[in-house]
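The following blocks contain the structures, represented as structure tokens.
Two complexes follow with chain A in common, the first pairing it with chain B and the second with chain C.
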Partner chain A sequence: MFTELNSILNASPDSITPGELIVVSDRQSDASFLVHHFLSFYLRARCKVCFLGLVQSFCHYSAVSQRLGLSLTQAKERGQLVFLEGLKDSLSILIPQERNAESQAMDFLQDPAAGLRSLYEFVQSSVTGSGSSEDWGPPVLLVDDLSVLLSLGVSAGAVLDFSHYCRATICSQLQGNMVMLVRCSGEEEEEDGDEGSERLLKGLTHQCTLTLHVQGLPTGFCKDIHGQVEVCRRRRRGDLQHNQNKLFQYKVHDKGASFFARGTSSAVL
Partner chain B sequence: MAAPVRSMDKTSAESLSSNNTSFQKKTKSKLISIPGTRPSVQNGQLLVSTGVTSLDYLLGGGLAVGTVLLIGEDRYDSYSRMILKYFLAEGVVCRHELFVAAAQDNPDDILQELPAPILDDVAIPKAVEQPRLPCEPRDSLEAMNIAWRYQNLPKVQSFLASSSRFGHYYDVSKTMEPEIRLASKSRNILRVGLHSLGSALWGDDLSCHDNPKHRHALTTFLYGLRALMRSSLSVAVVTLPSHLIQDRALMGSITRLCDNAIALESFKGSERETNPLYKDYHGLLQVLQVPHLNCLASQLPDHKDLAFKLKRKQFSIERLHLPPDLSETVSRVSRGELAGSPVSACGSGAPGTKHLDF
Partner chain C sequence: MLSELLQGTDSGGLLVIQDTCRYSGRDLLRSFISAALSRGDVVHVLGFDVDEEELKDGLKTPDSQALHIHSAYADPLGWNDHSAFTVNNFNLEELTNLVKQTSDLKPATLVIDSLSWVLRHVAPPAVCRILHQLRKGGAVRTVIALLHADLHQRGTVGSLSHLASSLITVAPGVRANEAVAKITKHLKSGKVIQDEEIFSVNEDLTVIVHSKHPEHKQNDAEEEQMDPTANLTFNLRLSDSEAEAKNKLTLPFVFSKEKSETFSRCFFFKHCKTFQFYLKCIKCKNNCFVLQENRSTSSRYGFWADSL
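Moving on to the complex of A and B:
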């Protein structure tokens, strides 16, 4: 959990805004440090967390959380965290001889055209299931990352359907939160750009309440500033809807990240 | 078309059944016994050498076990193949198991071309010998008569190497003796080398069509490969003809599914070959992606302008330095021509034909 980001977003683990859909996106940069932030944030807030870790192994997330002062293994044992390790589960489908019918969450790999119903059912059962003795807060779904589903052959429409179902269940019905990471490549203006993830990002941005968009510096590579993040919050006040945009530069450290206004890096001043 | 040096099935089944992933922090006593590996200083990750010392340095000390390195091939696939051979040769010398797959030619051919190791351990790499400028004082202790303000500045070190030695040195002018490639131990690292993945010979249409029908076949394979690597003691190097793939979005998702990614661009066949700016080098090297494993921050290289050269016996990666302009009467025209090459002289990588006026 990065305290600086909390003050930027006006959030604290003590008070969670219900029904939020947060979209984290990046372009020619890496926004996965924000996923670690939200994971530790919601675990501190005593929410019931369902984490779809599709791109890295559990050990990676666990080691990073350890540095941020949290133990994922303990959270799993207490029933607070449900962790889907996509890499591990996909092996039993891609190499069928060691098939074990533990979880059907990654079954879409067999027939990507059929959609993500199995994955949604996994999410639904893990957020509604009350297998633990302790009473946890509102449910939270985190996905790292959604665009890898496109690489596995699922269509952008199916991923949007999946996120819409999840939003209906978690954000509306159970008043929880969702954080989704989408990674794009290429330029924004490009005509023949990334149709799939571009479409996915547009669709999610349309539904979300808060976006965090990470980019590299427009002026090029710098060792002391890793990039910039654009924070855009959508607020509904009556019928008037107004957006608030803020732009920060950031640097990722060993145990966190620092955010500062443009041009105020300690390397520059 | 695959030629496992030892039976591949056994290795993967063995390592999968022991249900630990290679991404755990290793305790020293347990794994220090595997030859040719060392723990990373940053995150305790177990590293193996790529065989190219300067590439190890760029990738933060070496390749982490359980990761995939993607090499974007140069146009004639000569230098990317060279790195792949270095990687395999290092595996042979460290007695790791090898798995080589290639579609274009027989994998045994690649194995027969491996560079010969220089096994006398005192051998100091020839790369240390810099191409000195004629005006540069031979002895750094010599007092400067003019420009004495620069006396105390440190010497610019353009070759990349870490202080401690890791990996071996090879002589690319000789090939390895076939006897060296035989023996192997029981519990060991498996090195996987996949040559020219995504080319038409693998039956992939990625490089032939603008809108490939099977655009998910390769990405799904790479996802499975990552899953397999993460759950076993193995490390993979994949070369890919990235210049053939038109779809940049697809290339982006391929890169993101690998952990490390570098791209080579050789001057061979391009007009840069004869450009006097690049006369010391054979091509440019880009580090596209470095992984962050078990930690938040990734190990970005502190220098982005890198070039490689193939000397008589050795392949090495260096920082790109432009030669000094020594001619006494520099006409505006020739300077304009020089600066007009796509990489501008200050190396920002911004394309354009701007003059450099300073």
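Moving on to the complex of A and C:
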């Protein structure tokens, strides 16, 4: 959990804004440090967290969280964290001998055209199911990352359907939060239209309440500034539309990240 | 023209509000719902994008008998098996029944939030056909639809724009809370009117049109920006007298004819071991200039001020 980012976003683990849908995106850069931030943030906030880890193994997330001062294994044992290890589960579908028929979540791999209903049902059961004795806070869904689903053969429309259902259940019905990561590979302002990740990102931007867009520095590589993150808050219910854009530069450290206004890096001043 | 469209003075048709992810057109859409309700029209809303509460938020009469919300937000595809209305119901017969079963003999206004959701699951030609037939059917007087233009291919957006009798494209304005609406209206005579207006939506969903000529407005905004050259502590340009004085001035170390004559008259050369020539002034007996032999191009000499 990065305290600097919390103050930028006006958030703290003690008071969670209900119904927030946060879209984290990156272009020619890596935004996974934000996923680790949100994972530790919501675990500290005592939320019931469902994590769809599609790009890395559990050990990876666990090791990073250890550095941020949290034990994912303990959270899992206490029933606070439901972790879907996409790499392992997809293997058991793709190689039928190893199949142990534990979870139906990755069943969409057999027929990607059919949509992500099985994955949604997994999410729904994990956020509503009361598998533990302790009483956890509002449910949270974290996805790292959605564009992997596109690579697995699912259409952008089906992913948007999935995110819509998750939003209806978690954000609207249960007043929880969602964080989704989307990676864009192409150049900005490409008017191709058929680029799946662009369409996915735009569709999610229409649904979300907050976007965090991570980019590399436009002026090129720098040792002391790893990139810039654009924070854009879209309207919430109650107040009328005012899109606020803020741009910060960041540097990722060993155990956290620092955010500063443009041009105010310690290496420059 | 935006306020005319809100008043609904024309005889119905298909009104499409196009937005992008930079500015959401939903506030304007809800203003249209609010305006239609205050006129006393029966309004049916097909809600896919947002839930019922958010649609009703800000309406003067949220529990009005004239407002019927068919929300497909919670279960638009029937995955949870408890939805009355799903995207599969988006066809002419079911929509007509839906509108007819509740409303009186009065033709109703149908609001679709949003067409982008429908277009993801129903083929674009079918959507266009249904929208066209709804207008002809008689049960629906006006169809108002929101379309996220950046989610679809240009052809799909183009064919819906052609179908629309009025098209409003919204984009963010120069100032906060303001937006620009580009309006294209097809009259029955075949005439096409285009207009561009700056508007803002209040909390009670009334629309205020600020200006009908946004170009001038933008120019004004540019002029209002602070002039960076104001209040400088120095002049950027010279006045005529200053320029004259500057031209008169001879700069030091510029070798002119008079100077070379002075050199020949008042200095004598003194040879030094390190290939340097000292020029000594006869009058003041000081070493004034050092003349050093340039070894690479021995024909040239450089001058340095030594103890001026």
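Quick note on the criterion: the second predicted complex is superposed on the first by the 262 of 269 C-alpha atoms of A that agree within 3 Å, B and C clash if a C-alpha of one lies under 4 Å from a C-alpha of the other, contacts with A are read in each partner's own complex, and residues count from 1 in each chain.
In this text, a contact is a pair of C-beta atoms (placed from the backbone, for glycine too) under 8 Å apart; a residue touches a chain by one contact, two chains touch by 3 or more.
Given the structure is predicted, the values throughout are model-derived calculations rather than measurements.
**Q** Of the two partner chains, chain B (first) and chain C (second), which one does A:P18 touch, if any: first, second, both, or neither?
**A** neither
**Q** Touch test for A:G69: chain B only (first), chain C only (second), both, or neither?
**A** neither
**Q** Taking the superposition on A as described, I'd like to know which of chain B and chain C A:L87 touches: first, second, both or neither.
**A** A:L87 sits against chain B, while chain C stays out of touch.
**Q** A:F221 contacts which: chain B (first), chain C (second), both, neither?
**A** first
**Q** Looking at A:P112, would you say it contacts chain B, chain C, both, or neither? Reply first, second, both or neither.
**A** Once the two structures are laid over each other on A, A:P112 reaches chain B alone.
**Q** Thinking of the overlay built on chain A, is A:Q173 touched by chain B (first), by chain C (second), by both, or by neither?
**A** In the superposed model, A:Q173 contacts chain C only, not chain B.
**Q** Tell me the contact category for A:H253 with respect to chain B and chain C: first, second, both or neither.
**A** first
**Q** Between chain B (first) and chain C (second), which, if any, makes contact with A:G129: first, second, both or neither?
**A** neither
**Q** According to the contact criterion defined above, which of chain B and chain C contacts more residues of chain A?
**A** The partner with more contacted residues on chain A is B.
**Q** What part of chain A is shared between its chain B contacts and its chain C contacts?
**A** After superposing on chain A, chain A residues 193-194 contact both chain B and chain C.
**Q** Name, in rising order, each residue of chain B that touches chain A in their complex.
**A** Against chain A, the touching part of chain B is residues 16, 21, 23-25, 43, 216, 219-220, 223-224, 226-228, 230-231, 247-249, 251-253, 255-257, 292-298, 300, 302, 304, 348-350.
**Q** Help me check something: in the complex, which residues belonging to chain C touch chain A?
**A** 20-24, 27, 49, 51, 53-54, 57, 73-77, 79, 116-117, 120-121, 148, 150-154, 172, 176-177, 201-203
**Q** Provide the residue numbers of chain A that touch chain B in the complex, in ascending order.
**A** 30, 32-33, 36, 55, 57-60, 63-64, 67, 87-88, 90-91, 94-95, 98, 109, 112, 147-148, 150-153, 183-186, 190, 192-198, 220-221, 223, 226, 252-257
**Q** For chain A, which residues count as touching chain C in their complex?
**A** Per the stated touch rule, the residues are 115, 117, 120-121, 157, 160-161, 164-165, 168-169, 172-173, 193-194, 199, 202-203, 205-207, 234-235, 237-243.
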